[in-house]
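These are the structures in question, set out in turn.
Both complexes below contain chain A, partnered by chain B and then by chain C.
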Partner chain A sequence: MRAVYRVAKATYHEGWRRRFLNGILVFAILIIGSSWVFTYLQPGAELKMLIDVGLGSIRFFGMLIAVFLGVRLIPDEIEKRTIYTLLSKPVSRGQFLAGKFFGGLATVISNVALMGITFYVVFAIKAPQFAIPTEEGAPQYSMEFMYANVAKAILMSFLELAVVMGLAVVASVVFSWILAAIFTFFVYFVGQMSEFFGHLADPETGASPAARVILGTIYRIMPHFEIFDVREPILTDVPIVWGYMGRTFGMALIYIGIVLALGYLFFNRREV
Partner chain B sequence: MFVSHTREVANIALAIRTEHLTKIYDVGWGRQNVGIDNLTLEVEEGQIFGLVGPNGSGKTTTLKLLLGLIFPTSGNAEVLGMSLDSAAYKSRIGYLPEGPYFYEHLNAPELLRMYGSLFGLRGPDFEKRIQELLELVDMWDRREYRVANYSRGMRQRVGVAQALINEPDLLFFDEPTAGLDPIGAKHIREVILELRERGKTVFLCSHLLKEMEPICDNIAILERGKLITRGSVDELLAGDVTQYRVEARDLDDEIIEQLGDGVAEIIRLDDSCRILFDSREDAFEAATRLEDAGAYLMTVGPDRRTLEEVFIDAVGEEPKDASSVQGS
Partner chain C sequence: MSHTTKVVITWILLIGMVAGMQPLSETLNTERLIRGYARPTQVTKILQYDAPAMTGVIVGAMLGGFREVAASMLWMRTQSLWYEGRGTYWDALYLMRMTTLLDPHWLEPWRMTAWHCAYNLYVEAEGDPEAQARMLELGTDVLREGISWNPDRYDLYFELGWTYFDRIRDYDEAARWLGAAVQFEHPEYIERLIAHGYERLPDIPKALEWYDYCLKRRPSDETAKGATITIRERYLPAWRMMEEGRYDEAIAHLDRYLTIEPTSTIGLHVKAHIYEEAGDLVRAREQWRLAAETMALNHHARYKVAELSSKLGLPVPEHPSYIYGERRRQRMEIERPIPDS
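Our next item is the complex of A and B:
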């Protein structure tokens, strides 16, 4: 654990020194901070717009940071040769890989936390204005569970980005970092539609048996990233129950475990 | 050319042993690059061992194999009596890579603290050791500088300090004086010699032959991944030459002609003259006569070669490719 912690700590500090990622963070905070401005584009659906822009930006920019940070963590150590002084000390490759993952994850979580705080402040100020009663007297939106739901949505983003970070780090062990970035984006976007692939694989859709096998395989092996998207219950003010949070957390842990185990198998024989 | 081992190695503790160690890189399209070819080496504990060779001869590949950073294609090796598959030996070694890089957000004490913590080192004694090491490499006064602001020489100095952080029994130094000014290089050589005095084994890789010659006990020369000669420095420099040399300045041809039949060969250098004799007596008698004639005597003794001469004899003067590339 000591070695993992030390590698993670160094990775975290180095992560904050990447100007490109700092630029993404600043831009994301600007967009999220001004998300209320976008509400004027859709009169009557201001709250939906605010949540779509705010939470959507957190997920999107968080994903960009996770991918671009994740795919560079290990290749940079190899290019700069900092890995030599670490692996020649009592640091196993598994510990190194875990340290890079957790250090990168801590950086992403810090970045997303800043975005989340920004959004929460904007939401707390602006959302009550949009929850005004309609002409019929009923509120346009119920706000009973919304504040808790928004906080839970940000927590779900952490889980989603942990999976993305795992994918990015491990892909960079197998491929060049550019290919690893493309691969991670691909898995992320296909993973957003995995339920759709599952639906297409259903015999009732009339797809050919071969297509059903392919679609079914995609459905089974791709991480189901859509489980982390909870904008719908927020907008309908349905509470996001802790049971769902727990199951999603469990799924994220399983995804991360599988991905890191595969990464270890590759990295253990990788020459540096 | 192999200088045979005269010592029985079976009873000598070995710090490093390689047996038919081979590393072949697959460079794609069915082509292979031979990094190390059938390398068999033994490095005794407590000595300074130099691995020399032209650029791309396989020195760094050998180091990386011994450190477990890359994996052999065939053959095997042991470090401190342990197989390379065992991670345990890494607690007892130190490594200075060529042109070392470190995390740029750290300063020197933070860097050493980070590396030390990997060995479980902490507390007041460890802090004292950090100060001692930084003083040893002349970085204590500049300890607050961030690595990002270091010159190459400063990185090298801190690199030496981090290699020593765990008081290792065996040190691997890859081009340890690269980037250092002459005073810094001399200082590092003194550190290496002191390490030997303390019973440590030092495995040096370098192409700076003039620096290796005075400090190494044993040397191996690699070329294109193959071991082409090895032995103690004395053995290598003496070679199979049985002549004696007199080297002097300020002497004219007339004096040289008077030296008689004992002269085996006369080599005129830029500002001096080297005269070789077949017998020791002839050489010393000639030296006396030259000195009496007013010549400035520079050296008298066995005609030992320099390591550079040994190296050029072994490798040849023509620059060669880094290593052979062959179809599989």
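Our next item is the complex of A and C:
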């Protein structure tokens, strides 16, 4: 465990030293900080727009950070040949991989936490102004309810980004970092649409048997990233229950377990 | 632990996790539907596998959190097309459709897309009743899909009810959807509109029930007060006579008012209805035809003429509302589950 912790700690510090990631973070904070500006696009639905732009930015920029950080962690060590020093010490390949993943994850979490805090500040200032009061004058729903739902949505983003991070790290073990980034983006976008593929694989849609087999396979093997997307209940004032969050957490652990196990198997076969 | 043992354990763990993933994934998908975290609406419902629906899903997934912003941008583009005089082109419809897919909780695009189909493109298809019926179908389907995304607000129920009331003139369906709209916080005129619909259907007792409801809620409602007096004085006695089977007396009673006001839509409709109840379909058809000729936009009367012509074995005039109604009836029959024997 100590070896994993040390690799993770070094990765975390190294992650913060990457300038382009800092650039993405600064840009993300600027966008989130000014998310209320976009609300003019939908008069009457300002709160909805604020939540969507804010949470959407956290997910989008968090994903960019997770992918571009994840795909560079191991290839950089190989390129600089520092991996030989590390692996010659009593650090196994499994520990190295786990350390890289957890270090990268810590960087992503701290980045997302900063974005989340920024959004919370904007939300706390602007949301009460945008809340539509009922005929009796009271807001349609309590702000505490909204704050809780937004916090839960940010937590769900953490889980999603942890899976993306795992995918990016493992992809970089197999492919070059550019290919790994493309692969991770592809899986992320297809994973966002997995329910749609599931629907298309339904015999009632009239798709050919061959197409149904392909679409059904995609539906089964791709991570279902839409389970982490809870903007729908936030926008429709439906509470996000802890039970659902717990099950999603379990699912995220399984996804991470699968990608790390695959990564371990690939990394063991790779000549370094 | 040897390297081989580690690899074998990893494989066992991997297989175990993949096996455990499927049931949990299915549970989560079902839970999302039950709790309302995801809508069961199929995005391809309006036009099966149409390009905007597919592109909407893909672009929506790629944009992630910026779907609302993209929807707003597309909407602005639609507006500029409109002001350039290209608002009735299919391009505009695709843009509108894409906007509804990107931001299904934004009501304006649903409303406008439906209006574009049922009104603007309907007029563009003038002279082709089949195409016009298709436009009506698109318009009402758009609103139905919009309702499935926004079931807790009165707006789209009202829009659908209004499309049936004003464009298709199917007052029965109009009353059904407007009745759904008043289950939520709504403007008061919707209640009166339901009563107006029943007047024109005609179903005089139900119209009175709704006017009474309006008066109970707002005793100062002058429109409802006036309509109640008119209905009770002119049409209710004839309606009661019809219910008692005194058809000739009912017609005679109505004729007194129709002599003074021969173009009264409600009067003509009630008279046609009485003939129908009496089983005199030829005269009923004649009355509906008269009502249709009296008012250019009386699609309800035209629908009835087509319906009765079909029943009488006469040539059925091609009318968009009738074609639409027949198509919907066939669709409902297909969609209705087969009862257990």
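Note that in this section the second predicted complex is superposed on the first by the 260 of 272 C-alpha atoms of A that agree within 3 Å, B and C clash if a C-alpha of one lies under 4 Å from a C-alpha of the other, contacts with A are read in each partner's own complex, and residues count from 1 in each chain.
The rule is simple: a contact is a pair of C-beta atoms (placed from the backbone, for glycine too) under 8 Å apart; a residue touches a chain by one contact, two chains touch by 3 or more.
What you see is a predicted model, and the numbers here were worked out from it, not measured in a lab.
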Checklist entry - When the two structures are laid over each other on chain A, do chain B and chain C clash or fit? => result fit
Checklist entry - Is A:Asn111 touching the first partner chain B, the second partner chain C, both, or neither of them? => result neither
Next on the checklist: One more residue to check, A:Ala3. First (chain B), second (chain C), both or neither?
Outcome noted: first
Next on the checklist: By the touch definition at the top of the document, which applies to A:Ser88: first (chain B), second (chain C), both, or neither?
Outcome noted: first
Checklist entry - Where does A:Glu271 make contact in the superposed view: on chain B (first), on chain C (second), on both, or on neither? => result first
Item to check | Which partner reaches more residues of chain A (counting touched residues only), chain B or chain C | outcome: C
Checklist entry - Once the shared chain is lined up, is A:His13 touching chain B (first), chain C (second), both, or neither of them? => result first
Next on the checklist: Just to be sure I read the superposition right, which of the two partners does A:Lys80 touch: chain B = first, chain C = second, or both, or neither?
Outcome noted: first
Checklist entry - Between chain B and chain C, what minimal C-alpha to C-alpha distance in angstrom results from the superposition? => result 7
Checklist entry - Where on chain A does chain B make contact in their complex? => result 2-3, 6, 9-10, 13-14, 17, 80-92, 269, 271-272
Checklist entry - Can you name the residues of chain A that touch chain C in the complex? => result 38, 41-42, 45, 48-49, 52-53, 55-60, 63, 94, 134-135, 189-190, 192-193, 195-196, 198-199, 205, 220, 224, 226-227, 230-233, 235-236, 238, 240-241, 244, 247-248, 250-251, 254-255, 257-258, 261-262, 264-265, 268
Checklist entry - Touching chain A in the complex: which residues of chain B? => result 67-71, 87, 90-91, 93, 95, 97, 99-106, 114-115, 117-120, 159, 162, 166, 172
Checklist entry - What part of chain C is in contact with chain A in the complex they form? => result 3, 6-7, 10-11, 13-14, 17-18, 20-22, 24-25, 27-29, 31-32, 35-39, 42-44, 57-58, 61-69, 72-73, 105-106, 152, 185
